[in-house]
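Two complexes come next, and they have one chain in common, chain A, joined by chain B in the first and chain C in the second.
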Partner chain A sequence: MIALLLGPIGVAIVGSVVGLFYLGVDRRLVARMQARVGPPLVQPFRDVGKLMMKESIIPNGALRWLFQFSPVMCVMGSATLLLYIPLFGQPALFEGSGDAILLIYLLTVPSIALVAGGFASSSPYATVGAQREMVLMIGYEFPLSVTVVSIAWRILQVTDANAFAFSSMAQYPIWDLVGPLGLVGTLLLLVSLISVTPGELGRIPFDLAEAETELAGGLLVEYSGRNLALFYLGNAIRGFAVLSLVVALFFPYGIAAGIGVTSTVLAVIIDGAFFLVKVLLVMFVAVALVRSAMARFKINQASVFYLMIMTMVSLVGLLLIWADMML
Partner chain B sequence: MGIDSLKRALWIYHVNTGSCNGCDIEIVASLTPRYDIERFGIKLVGSPRHADVLLVTGPVTRQMEPRLRRVYAQTPDPKVVIVVGNCGADGDVFHESYNLVGPIDQIIPVDVYVHGCPPRPEAIIDGVVKAWLKLEGATTKETT
Partner chain C sequence: MSDSIQKTTFTMPIGPIHPAIHEPIRLDLSVDGEEIVDVDVAAGQVHRGIEWIGMNRNNPVQSIYLAERVCGICSACHPFTFVQAVEQAAGIDVPPRAEYIRVIIAEMERIHSHLLWAGVAGHEIGFESLFHLVWRVREKVMDLTEYITGNRNSKAMYQIGGVRRDITEDQAPTIRKTLDYYKSVFDELKKLLLDDPTVKMRTRGVGVLSREDALRLCAAGPMLRASGVAADVRQDFAYAAYADLGVRAITPDIFTGAVAGDTYDRIVVRLLEVKQSIELIEKALAAMPDGPILTEPKIAKLLAVLKKADGEAVARTEAPRGECMHYVRMKAGEDVLEAWKIRAPTYANLIAVPTMLIGQQIADVPIAFASIDPCLSCSNRAVIVDRHSGTRTELDSEQLHDLSVEKTRRLNSELTYK
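On to the complex of A and B.
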């Protein structure tokens, strides 16, 4: 009972610390790729600390309770994600009570919190931002679902266990199951999931819901002080969760057994560190590299990119995995 | 936490009150790899609600006066106002023009002036450092 109560709190605290740290690493990496020095790694912690001590203004026209409730919902929704994703090479805290399908649904909660907060703040900029976020959500949902379903379908061919559970995905890594044709298909699925990541996190080139230069902060335009800090924190946690999801789907490997570590404690530490490295690599490719190489999409370009191009890419991946199985 | 995190994470909102864009370009220049003010956690934000520092340029045209007042009121406390360029300080070449209501300190309280037409990025960074000291003084006064 105590574990049931303290576990989620612990996961939320660890998730926020690690998420904020990765945010700092991301800013630093982007700065280095732009030939700048960049802020120190602890900068996101300072940002949150500063926002916490600032005045929180609630605009006159805002729907008061929703305006204040949305940031809390964003943080809680993001922290809930972490309960169902395997972290640090260990099974998820609530493994068995939820699988990848539940996670796809839960992933929408922080976005819905952002949208609700945007509409509640009664600013035209926030309203436009909220509408964009909804369009984007509809867009990336499809390639994300196709990717998860394809992997689960292939795993279903070799086991009777719940193929959507992350434990099955860790037991039968997708790369080991497929032949040469399926390898190409899996790579296509990986590409589509990596393209979904910045959209899910609202980063460049899919930051059109916040769009500082055209929408003056978009969804978050009216938020200040503590409420803004909570959104900042929620975004950091969600970033960590989505990156961990990519790792759990495609790279559920540990190295401790491979390099012959027998001590349990040492194996846990090594696998935990290896997990952080995997998340870092995924973040570098999916977030930092993309962010420094591209500019912002327009909303119609982003919709076409997700609904047409990435959906096609993931469906071709699914077909290739199917053909690989059948041939 | 506290004043330390405030002065190392200043978010800046840039208000153009009729400037010729000279100062604005110098502000953007201070974000470039050569000066890179993000090293100190300084970041340009798109909304006054997110800002700690208002960077005001230009001599304040008649149309901009109520907007400037509103932007100042929209910024959450504690906040600092930095005037960049001679125009905001005394009107510079537009001094006593019929369509101006400036200088800025007659409309909103100003904490730091950065002179120059336009000022160099070094001068703007120096202005931000002066704003740090000002914030330090303000918060110690509050606590004692």
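On to the complex of A and C.
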């Protein structure tokens, strides 16, 4: 009972710290690619700390309870994600009680919190931002689902266990199951999942819900102080969760057994560190590199990108994996 | 439920304080979903009464420095135009060497201004890397400006009857080195700005101004040229040393083969003008004749000549943003100018903004508006028009100051700190 209570709190705290740290790494990496020095790694922690001290202003026309509840919902929703994703090379805290399908549903919670907060603040900028966020959500949902379903379907062919459980995905990494044709299909799925990541996190080129130069902060334009700090924290945790999801789906490997470490404690430490490196690499490709190489899409361009191009890419990936299995 | 749902529009203010707009102006957009159905431009938030000071407090030489501070970026084009107007009104000749130095400084300003704009354009479409890289390239010309004039921006080079500082033989190698640097990075710059797929996605077909509209609405400078009108004051009414150097107006069809009049074309025009400026500086350096740089180096004597002057003149130059015009009237026996009127290019280009924006998406507003390279400090006057009686009253700086103090007091008394 105590473990059930303390576990989620512990995961939320660890998730916040690691999420904020990765945010700092991302800012630093992008700065270096833009020939800048960039902020210190602890800058996101300082940002949150400072926002916490600032006054939280609630605009006159806002729906007060929703305006204040949304940031909390965003943090709680993001932290809940972490309970169902395997972290640090260990099984998820609530393994067994939830799988990848639940996760796809849970992933929408922080976005919905942002949208609710945007509408509740009754600013035209936030309203436009919230509309954009909803359109974007509809867009990336489909390639994301196709990717998860394709992997699970292939795993289902070799095991009777729940193929959507992350433990099955760790037991039968997708790369080991497929032949040459399926390898191409899996790569396409990886591409589509990586393209979903910046959309899920609201980063360039999919930061159109905030779009500083267009909407002056969009969804978050009316937020300040503690409420903004919570959104900031929620986004950091969600970033860590989404990147961990990519790792769990495609790179569920550990190295401790491979390099001949026998001590259990040492193996846990090594696999935990290896997990952080994997997340870092995924973040570098999916977030930092994309964000420094592209301009912001317009909402119609983003919709076409997700609903047409990435949906096609993921469906072709599914088809190739199926063909690989059948032929 | 047979009634069709009435589409509602709502008003979205962009500015006077908005991250996309780096100077105060307000665009009132009527928005239907993401589409813009109407635009109203409300200018007038940075009036400083510069012309009034030139007509009441400063002598013409002091007013050169005032003209330099009309705008933070065009700190060459305004004094350049102003001294030409005064010289014309007072009948003062300029030594040939000074004409060349004036051109070199003006072209350096064009390079810096166009690169600054390209960076801002990158920022507006959310392409932060482009912004940082272009601004790093721009630093070289800022360094060169500091090397020649002693200051990065407010250059204080122009003087009535010439220029205040010479460009010496020892300085020429440094200038050539900087120009060579720009030539070496130009292709990469072109690739970054014109070939990048996301830049194309965000600028093609955005903020279109047709040739007819551009002429009808009196657009100026790169705006006008991007719409396919080959008009350039340096070509059409060559002033200073431009007649010797030969300038051709740049239109986008040189590069793209056709004129679309969109934001992409404006990038093309500005980028090609950077190259043109590099070539102009090179030519000017090579062709620069020896001789004095000032007709009358003694300020007291110059002021005496100016006090006796009687006449009026209009001078025009091609500023980075388009045609800059100064009108000056001088009366014998008066220390100050009798009349001084500045018309900066943004003032002309603002008129075209509603035409460019209607029918576009909200996402297009920042880049389309930025594509006129708005310089709002240049274009603000305070005139109060009473719509009911039709009377117009102008406010001078003292009245504006009093109004401002009064408003601060009023706001202070209204504010309640909880």
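Quick note on the criterion: the second predicted complex is superposed on the first by the 327 of 327 C-alpha atoms of A that agree within 3 Å, B and C clash if a C-alpha of one lies under 4 Å from a C-alpha of the other, contacts with A are read in each partner's own complex, and residues count from 1 in each chain.
Simple rule for what comes next: a residue touches a chain if its C-beta (ideal position, glycine included) is under 8 Å from a C-beta of that chain, and two chains touch if they have at least 3 such contacts.
Since the structure is predicted, the reported quantities are computational estimates derived from the model, not experimental observations.
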item	value
First (chain B), second (chain C), both or neither touched by A:G7	neither
Which superposed partner A:V128 touches (first chain B, second chain C, both, neither)	second
Which of chain B and chain C A:K54 touches, first, second, both or neither	first
Which superposed partner A:M294 touches (first chain B, second chain C, both, neither)	second
Chain B versus chain C as contact partner of A:P205, first or second or both or neither	second
First (chain B), second (chain C), both or neither touched by A:G179	neither
Which superposed partner A:Q34 touches (first chain B, second chain C, both, neither)	both
First, second, both or neither for A:L215, with chain B first and chain C second	both
Where chain A meets both chain C and chain B, residue numbers	34-36, 125, 211-213, 215-217
Touching residues on chain A, where the partner in the complex is chain B	27, 31, 34-40, 43, 45-47, 49-50, 52-57, 125, 211-213, 215-217, 220-225, 228
Interfacial residue positions of chain B with respect to chain A in the complex	1-2, 4-6, 8-9, 33, 36, 38-41, 44-47, 49-50, 52, 74, 76-78
Touching residues (chain side chain A, partner chain C) in the complex	30, 33-36, 124-125, 128, 131, 204-205, 207-208, 211-217, 291-301
Residues of chain C that touch chain A when the two form their complex	10-12, 18-20, 31, 33-34, 122-130, 132-133, 136, 196, 198-199, 201-202, 361-366
